[in-house]
Every structure is written in C-alpha cells, then in structure tokens.
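Chain nomenclature is as follows: A, B, C and D, assigned in order of appearance, with residue numbering initiated at 1 for each chain independently.
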Amino acid sequence: MITAGIDIGQRNTKAALLENGGRIVAKVSARTGYDFEKAAAALYDECLALAGLDSDDVSYVVATGFGRYRLPFRDANVTDITANSRGAKFLFPGTACFLDVGAGSARAAKIDANGRILKFRATEKCAAGGGGFLEKIAFYTGVDIADLGRIALTSTQPVSLSTVCSVLAESEVINFVTQEVPMENILLGACNSVVGRVLLTLRQVGTDPEVTLTGGMNLNVAIPKILEEKLKLKPNASADLYYAGAIGAAVLGFRRVSRTRGSPGMGG
Amino acid sequence: MGAYSVGIDAGSTYTKGVLLDAQRTIVGTAVQMTGVNIVAAANNVYRAVLQEAGVAEGDVGCLVGTGYGRYNIKFGHVQITEISCHAKGASFLFPATHTVLDMGGQDTKAIRTNERGEVVDFCMNDKCAAGTGRFIEGSARALGLSLKEVGDLSLRSNRAVQVSSTCAVFAESETLELLAWGHSLEDILYGVHSSIATRAIGLLQRVGIEPELAFTGGVSLNRGMVRCLEEQLGVKLNTSERTMFCGAIGAALFGLERMEQEVAAPPVRA
Amino acid sequence: MFIGYINVPGDIGPTAQALEAKVPKAGFDEAKRLQGTLLKRYLESLWAGAAAGRKFAYTFVMGNPIELLSAFGIVPVFPEVTCLNISYRGGAPGLIAASEEEGYSTDACGYVKMGVGAALKGGQTPIGNIPRPDILLLNYSGCQIYIHWWEQLHYLTGAPIYTVDVPYIREYDGRVPPHDIDYVVGQLKELIPDLEKATGSPFDEEALREAIDRSREAWDLWRQCLETGTLRPTPFDAYFESIYYMSPITLLRGTAECVDFYRFLLDELHRRHEAGVGPTKDEKFRIIFEGVPNYPYFKSFWDLFKKWDARCVASTYPKVAGMVDSGSFRLDPGRPLESLAEYMIHAYCNLNMIGRVGLLERYVKDYQADGMIIHAIKSCRSFSMGHGDIREHFAKELDVPTLLIESDHVDPRYYSEAQMRNRVDAFFETLALRKRR
Amino acid sequence: MVFSAADAGSPTELFEAAVEDSYTRFDSVERWKAATGGRAVGYFPVYFPEELAYALGFLPVRIFGASGRVRLDQATSHTQSFICSIARSAFQLASEGALDVFDVLVFSNICDVARNLSGITKRNLPAKGIAYLHYPVNNTSPRALEYLREEYVRLARHLGELSGHDLELDRLRKAIALYNEKRDLVRKLAMLKQERPWLIPYTEFYAATRAGGILPVEDYIDALEDYLRAVQDRKAKPMDKIRVVVLGNFCEQAPLGLMKMIEDAGCYIVGDEALMGLSWLGQVPLDGDDAVRSLARTYVDNPTALTVRFHPAIDKQAYIVDQIREAGAQGAIFCTPKFCEPALYDYVIYKSALDKAKIPYMHAEYEESGSSFESVRTMVETFAESILFD
C-alpha cells in the first residue's frame, strides 16, 4: 500500500510516498510560489513519476503545512506540528523532542513514545525569522544559500546579532557588510541568531534526548552544529528530516488506512 | 582647487553619485548596486560621474559622502547624514518642498525643511516599523514579482484587503495567507500598500505635513505607494525618476557650500 | 539606635572625607570613583549582611521608604540597581534567557526578566550573589510592573509581599487629594508592626528621625549639585555623569556616607567650574535628556553625544529616586511619615503626563537648553508611553528641537549602533544649522 | 430603545447592532443623549462602577478599541510601536473626534499604558473631561475600603459637576439593584455557555455579553432576559470538541475571527476573560450600609483574581486551577494581546500552576486589528488533536 504526504510550506512544498508505512519510495521538493495548488499538484505528479507510480496506486493522501486546506485531492489534513512529530519519530525512533524550523516561525514539541504531542510551543511573533531570514542574509552577503552554512563554519569570530527581531538583525547585517567585516563572521553570526531564537522555544518544551531537528535547517550544516554546542548534546539531523512533515503525513495516512481496513499497522 | 562637487550616497542597496558644477547644474550621475564592497562601489560611481561629464579628478573641489556607508568613503572630504542630504536634494529638485518622505530599504524618514533645504525637524521609523520598504519587498518576494510590478498591480484594485501587520517579518506569510483565503492578488497588494502608507503618514505627522511634499527613496518609484499616500493625504506628491539621486545631490550641494565658505566654517562636522 | 546597613558588620571604609584627603585637588573626576567604591561597599554589605543573618527587603527605586527599613536594620536590596549593574557589565543576556526559557515574553520588561532570571539561578549573577528576599516591599509608585515583578518573585520564592499603595498624581494641576496622603501615611503605620514582627526588633522612632534628617541633608546637597547644570558651561553632564552620581542617593539614603558623598561632589563640581573643566572638551550644545539610558552600551551611547560636544544640562532619569528639584517634597524629621508619604507620591513616573511635560518645559527654560533628546525603551511603558507625545509637544508647539530614539535599558538585543548614530548625527547637524541661523 | 425597531428586531440583532456601534461610531449613545437629555461617560477597560454614572444621569459605555476599523495615523505619530493596539486605537478615536459624544473619559490604574494615556489624551484634547480613578492595590489594608469610597465620592463630584446632579443615595441604590440584575443575567449566560456550549456559538455569546457595555442597562436587561429564554430551548447537538477556557484577553479584545477560529478548530470555549470586567464585580449587597461604601467594599473584597487588580490575599495559582476545573475545561488557551505586559506576567504565574496540575495549555498572541490567524489555527488544531486523541 502506498500513502502520500504533501507538506505545503510557506517557502517550499515537499511530497513523499511511503510503502506500507515503512519505506520511503520517493520524496521531492519545490518552491511553493503563490499558486500553491498548482505547485503542489505538479510536485505530486513529479513524485509519482519518480517512483514510477500512478495516482491510482496511492491509497491515501494527507496534506499538511499552511496550505493544507487548499489541496483538492487530499483525503485528510493534519497540522504540520503533528506531521513533523510523526516524521521525526519515523526517521529517528528515539525522538523525545523535536524542533521544526521553517522559513518564518519555529515550533518545538515534546512527544511520547508513539509520537503524540505532549506539549508544544511556537516562537513568539517578535522572534520570528528562520530560513527566510538566512535567505535574505545570503542575498546581502552575496553568498549562495546552499553554501551559507559551510562558509559560516569557517568563522572563529562571529558577529553578535539580535536574537529577537530579525528585521533589526537584518539591518545589523547590512551595517556589518558596510564595515567590511569578513563574510564568514557575519554568516556565523546570522546562524547563531537563528539558533538563539529557536532554542528558546525548544527549551520551553524541554531538551530531553533525543532531540530531532526537522525542516529546512537540515540543509544548512552550521545549524545542527551550533545547536549541538548550545544543547551540549547532538541533535538528530539529516537531509531526510527536511521532508519530515511530508513523511509524517504519509505515516499518518498509512495508520489511518490500516485502521479502517483492519490490516496490521507499523505499531505505535 | 577644482570647481566641481561630488556627492556619493552609499545606501544599503544602491550607491548613487552626482557631479555638480559651480552653477549647481547636474553634469553627471551614476548608480550601481552597493554589493558587499562599498568602497569599490563608491569608487566606481565616482569614476563614472567624472567620466560622464569629462571632468578630471583634479577639478573636484569637494567630495561629500552620505548614506549608511558614508564612513567608508574615506577618499571624501566630509561625511553628512542622509537626512540632511535628502532634505537639501529634495528642495533642489522641487524648490517649494517643505516636507520630505524618504522610503528606502533600511529606514523611512520624514523630514521638514525650510526654504533653503535645511532640516527643521525629522523623524525616523520606530523599530517595529523598520524596513517598511522591506514589507513590500517581502510581499513581492512571496509573489515572485518586482517592487515596481507589485505597485502597478495594486493600482488595478479598488478594494483593499485589511492587512493588519506591518512588521516586515510577516510580509510573506501574511501575503500568502491572504492568498490562501482566496483574496485577489490586486486587492491584497492594495491592502499592503495602503497599510504601509498609513504608517508612513503617521511618521510624517510627527514632523508636521506642510506642502509641498517630496517623496524620495527607492519606494518612491512604486506607483501603488504614490497612489495610497496621495489618497490618504489628500495632496499631490512630488516625485520623479531623479529622486533616487536626492541624497547624492544634497551631498554635492553641501560640498559646493563648503567650497564657497572655504574651510573657515564648515556647515556641518565631519 | 540607628544601624546603618552599610557598616554592619565591619567598618565603614573610606568616607568621602577620607578619600578626599588622599586625592589631589587637581582631580576632577574623583566623585565618580568614590561612587564606584560606595557601590562596591553596598554590594559587600549585602554579603556581609547575609553572613550576619540580617533580613533582606527587596524594594523599588521610585518612592521607597528606605529610612523606615533601616530603622529596623533591614538591608534593602534594589533589583533594579543590581540588574542595571549586571547589564552595564554585559551580563544581561544570560539572565534574560533564563526567564525567557521559563515562558517570559520578549515583550516583558528586561528588569523583571533579569530579576526573575537571577532568582531562578538562586541569586547567582555576574556581580555576585544576590540574597533571597525575606520581604518583598511593594512600594507601588510610578510603575505598574512593580506589582507584577513582586508577584513573580512571590510565587517563585514564597517571600511575603508588603504593600504600600501610592496613588498616581491624577489632577492635572498637580494637586494631591488629602485622602491620598492619609492613605499612604496609614499604610506606612501599618507597615511598622509588620516590620517589627519580621525582624523581632521594636520600632525605634528616633532612629527613623535621624535617618530622615540625614536623607534631607543629602537631598539638599544633591539638589545643589544638579542645579550647577544652569551654569554656562555646565561643569558636569546631568545625564551621563548623573547616572553615576545618583547611586548613593538611591542606595545609601539616610547614611552619613551619602551626605559626605554629595558634599564632596558639590565641591568637585564647583572646582570643575572654577577651572573651566567639564565632561567634554567644549560645550557646543546644551541638551535636556528624558528617559532611561541604555546600560549595556552605556559608554558608546554617551560617545555619540560627546563627539558633538553636547552636554546634558538637566534630565529626569537621575531623579527617579526622588524629584528633588521639583519642590514637591522635603523630608522633615518632625513629621517623618507624612513627609515620607509626600516623597513617595511625587516619584517621577507617578506624575501624570501633563506634569511630566511641564517639568521638562521648565528644564528647557531654566537650563537654557538647545534641544531635547528622548530615549524611549521598549521595556518600560511607564517611562516611555508618552514619549512620542512629548516629542509632539516640544517639536511642534514649543519649537524645541527634539530627537526621539529607542532601544532598551538592559536588553542589548534592541540596540543598533549604526541606526542610533545616524539619528543622533542628523539631529546635531540640524541643531548646528539652526544655531547658525 | 436606542435602536429603532428596524435595526433591532430580535435580541441577537440588537446585540449585534450594539457591538457594531461600539467600535467607532457610538450613534446609539448620541441618540440616548438626545432622547433623555443625559450625559455619557466612556471608560477605558477593565472595570468601572457603572452604578455611580447611572445615578448621576450618565450612560456608562466601555471603550472596547476600534479593532482595525480606523487607520491609526494619529496614534502612530503620538505613540511608539511597542504600545498595545487598544491604547493606540482609543487615542486615534479620541483625536478624530469619535469620542466627542462622551462628556468625560475615565481611566484607571490597570497598567502603565492606560495610566499615561489619560494625560496624553488630556494634553491633546484639553477641553475634554478626563477623570482617573485610582483603585486600591493594598486591598488587605483596612484603609483600602475607605480610600476607594473617597475615590468614588471624588468621581461622583466630578461627574456631578458636569451633569448638575448631586449623588443621591436612593438613586444609587436603584442603580445597584439594576446592575446587580444585569451582572446576574450575564453570569447566567456565561454559566449556560459553560454547561451547554453547543447551544451558543462564541460569536453570539460574545455579542450578547458585549452589548452590556454600551446599551442602557434597562434595555439590556430586557433583551438579555428574552435572549436567555430563547436560547435555553435550542435544539443544538453537542459535537466532539475539547472544552477550553481562554485567558489573557481581558482588556484589548481578540479579533472575533480568532475566537471563532478557536471554536471551529475543535474547541468549545467554556470560559474566557474577554468581557469579565462587565460582570466581575458580582452582587453588591444592599444591606443598609452607605451604598457608595457597599460598592467599594464589593470591589475590595472580591475574591476573584483579576490580572489588573492586585489583591495580596488571593492565591492566583490556586484560583486558576479551581476556575478551570469548575468550568469542566480540559485545557486553557492563553490569548494575550501583543505588548500587554500584565497578561504576559500572569501567563507565567498561571502556566506554572497548570504545569503542576497537569492541565494542558497553549499560548498565542493577537492584536485587536489582526486578520490572519493561520499560525494560531495550526496551534489550536494541534492542541485539540493532542487532547482529543490521547
């Protein structure tokens, strides 16, 4: 049985196909844009094509993310916090807490052995600014976003940037650029500022191991490193976790179908 | 010493340069992206204005730097804040100016000036309204459009959607969310421009609005913004393609004044 | 018997006179150093007091009856002062983070977050261990957040709150209804048996009178110091330097050291004046300063003004411990509680906005100021709500050049040097042009 | 009636018209003044002794904030951006003349912003009547009662000077009796919403309660009685939703869309603080004591925690846990207005009690003018899912 999860985020849409709730068959991602219904449909088709499957082969589609209500072919939708918890648990079964950093805000939750949410927090409005903030910093410093984390890690003297208002932090970055501060110091400062913001949220729910990082920050090598330093424990991070929302949605789809059809689930 | 004066405005996005002759005629202008090397950008712009007018470096009597990067323009003689320069420049372009609204990438400024283009009072945005220009940029980015395009699109709407937040951090999410709820692009953009205009007017009111009004800075090229400001203020704004050079013009004018007074009494401190 | 908290146990240390004897007359900046010594001694008195088993009362700077506490030998702790000193030394982020992790918002006051952070860390702070409170004395004057702060500490530490409710000055001519004074005096009377119970020592009225008298003397001297700001040029910066000078009147009111300090300061200011020495090379601009400073960047913040040879001639913040130059109170050992009540009611933030604006207007006139700087801070709505409106009044109705800038007093995350400099430079450019006209 | 029959057929329509009127227009207040020759007092939240106003010939009206219905240009130029929205919109309304219908505006010591707003309003509108009540904070002091009584007398003198009336104790007793009745009805409505939340959607409940902050008390009592009768007989069926209380919204009002979204996202709101100031006082005993003193005593002795009234004898942590349990709620949703410090401090006090009592809660921020609730919706849905499916 194949189930699909589609996570329509503010910046990127992610899709994943899951076989019998246990194996990821395919996963893809693309820019959400403003016509996100179309973007999601196209991405879903791409994902199916990658797996060599047809939409009829898919038993259940679960949508998540801010655009979840706008996916016409969904069977169900769940919030991205729920989806990320299942995704984190699927990829790292020892997960006790997870931190999901999106383009804008971040969410953290403490979950039980089955991936159920026990407690969660979202960043305050004034502390918003995750991946989107780093994209802008990449623009001001003329660095490719894909290289940002790697370059940041070469710095030993990061600048200090506001860990609350990211608009203010952005202005500070511009000023550092005008002062011709070495690029890597600015970039590491920017990564520190993002971590500073999201860490508060994580600490409010707890940092019991294992801590799993979900979302786009898994594609930035500096963020898990800084998190590790601050938490004094190594968080789970991997490229797959970028897809945690979509994978979690597919896992929930599989559980839903299994339950209604009475077939054995993957436990949990 | 030469008779020409150069003003260089090193802003966060663009570096602008203007060359004035002793009769206060603009004989050269240049602009380029500031990028990460401000000194290089300032130098390039400097060379470009000289080249355009065919003026040799030795003919330049004074070089004044302004803008956020002004302290980097070490080859200049004086550094003056962009507030003083914008006021001066705006009153050069529009001589009846008494109020200037400058909306750029970093800051919004409201300036009241006297007939000589001197600052009488000024206010800059609060922290939470920082980068109001950036809010529009954020909306544009969310939609994959340019700053000018979003302005033009907003003109097609007569029904502004209420946009509550003007915090630039939420520009993208707010815009996308309104889209997700089925509002039209045009109405959303009208709403965005309208709410930013209200903020800017609040700032203008702090210095007092006295006609004529000049609208300068990068956002002044956005026609949607001009429309919203005019609607809410009930007066016409002076704006032109040349307002982006306002700061540089003002800087060059200060240079000329300085040359006229020689070094005895510099108008403002370096 | 009066027990000054600073001298127990152990000796007093160099008083102003002793220090003066050591310092050559040529020194024009010795009062600041003496202030540092007194502050250090104050902190040491906390640790000594803890070792000696003394009772600690947390209390607020604005409108507190410190003399009453010292009559019982209770050691006052001022979390506002400890927080600002921690922040001045760069220690704010750790304490703020500790409370934000507990759920305190970024919009909450930085003082509260630092204070709570310190309590969460068992009193461990970068300036040393701050003793736990035995009493939370809620002198609610001028700041609503005082209530919330003590409530937080009450639930966190279990310490009892003793309240002295001080009504806001709500008549626009500045009058205080008689029932306000009666109410505050009555509450101070109710406080006495509570303090007797808490300390186990009987109320010594004579000790209170003596402390009140020493306070009065210190207030008189401090007022004279502040009024040297009317001199042209002013011998001192009535904002940036006053922030150092204000600490003895805040912490040590009612002691002999406090009186000595201000006598010493007054003398130093006169010597500065005679020698033509001041806080900057020149006095190009005379400004009035309204609002709380930025402590984490205090020196570079000051430099923004020094660079323009701007001297502050009068300001409000250094008078948060008492509006000594407004003529609104005068301590009187003959009527200790009544005069204390009048003092408590007339705290700066307890004035309504009409009163605050009037006071600033008087400063502009009496001190012949060229302009006004208002520094609004995100943490403190008590101080800052109204700053926008004050600017309106001065800039538009009185044509006094006024600059409104904002950051925070303790939280370094809200300070942007480049933005601040841009605004300040533009302001003085404008002022320079105006002076030329 | 202050609304013509056309705009107020049913009680619900009357309530909705009143709510709409209470944002920026206050036409009904204008009409009431014209019809009765009386005066009007507008008061800034949270609580106000309406009886005193009534007895002196005033219509007491609560200023709720403009909730995004005015452009805040004046407010932007006079206040900084870290000031809450209700203070900004109230100032904007005052400076636009929208509050001219009120002969006097009353402020009190609920927070630093409200305190200073009184003087700022006075400075900008010198001709406007501005009064300020200092509610005692030291409510365990034996002096608090007399102090508040004096404050009420002072306010009565101020109002009386404007209306030309002296405070007559008989009239005050009549007023107390009326407002007791009003508060009792409002409490009944809240109990009904608590016991059978499916009968009344929050938006309707809200309008019915809020109308009590603007309508003349007699009209309101009649309409609310009718409404309560009609609602009891509704045949709605309960849905599988979690029961929550909403906390922190006692002053600046949350956008109605946000509150509606909470119910749509799987919750029943069985208690909230939005309009608690209108009924918080409870019943004032008319036991032969000086009626002004009775009114004051009921304030001073009130055992209900209120974020903006410090009472040294109240244990807020025990109080909140009891409240939630009594309401039969499964969780609490803290909705705090952006920049509202008092709400943010009580949030921490309350949440640590909830942690201990193992009561789930979540926290979201709002502004009265807010129009996008997507991130809050995600949180509420997650919250509901986590309780519903455990």
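Please note the rule applied: contacts are C-beta pairs under 8 Å (C-beta built on N, C-alpha and C of every residue); 3 or more make two chains touch, one makes a residue touch a chain.
Since this is a predicted model, take the numbers as computed values, not measurements.
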item	value
Fewest hops from chain A to chain C - one hop per pair of touching chains	1
Computed distance of Cα centres, chain D from chain C, in Å	36
Mean-CA-position distance for chain C and chain B (Å)	41
Distance from the mean Cα position of chain D to that of chain B, given in whole angstrom	45
Shared interface positions of chain D, touching two or more other chains	77, 80, 82, 338, 363, 374-375
Numbers and ranges of chain B residues touching at least 2 other chains	68, 126-128, 173, 177, 180, 206
Contacts with 2+ other chains: residues of chain C	102-103, 105, 107, 378, 388, 392, 406, 414, 418-419
Chain contact topology (line, ring, star, complete or other)	complete
Contact footprint of chain C on chain D as seen in their complex	77-80, 82-83, 87, 109-113, 115-120, 122-124, 130, 132, 134, 136-138, 140-144, 146-147, 150-151, 154, 310, 312, 316-317, 336, 338-342, 344-349, 351-352, 363
Contact set on chain C toward chain D in their complex	102-105, 107-109, 112, 138, 140, 143-145, 147-149, 151-152, 155, 161, 163-165, 167-168, 170, 172, 177, 179-180, 182-183, 186-187, 190, 349, 352-357, 376, 378, 380-382, 384-389, 392-393, 406
List of chain D residues in touch with chain B within their complex	68, 71-77, 80-82, 367, 369-372, 374-375
Touching residues on chain A, where the partner in the complex is chain C	124, 126-127, 162-165, 168, 171-172, 175, 178, 200, 203-204
Contact footprint of chain A on chain B as seen in their complex	10, 12, 35-39, 68-69, 71-72, 106, 127-128, 130-131, 134, 142-144, 167-170, 172-173, 175-177, 179-180, 185
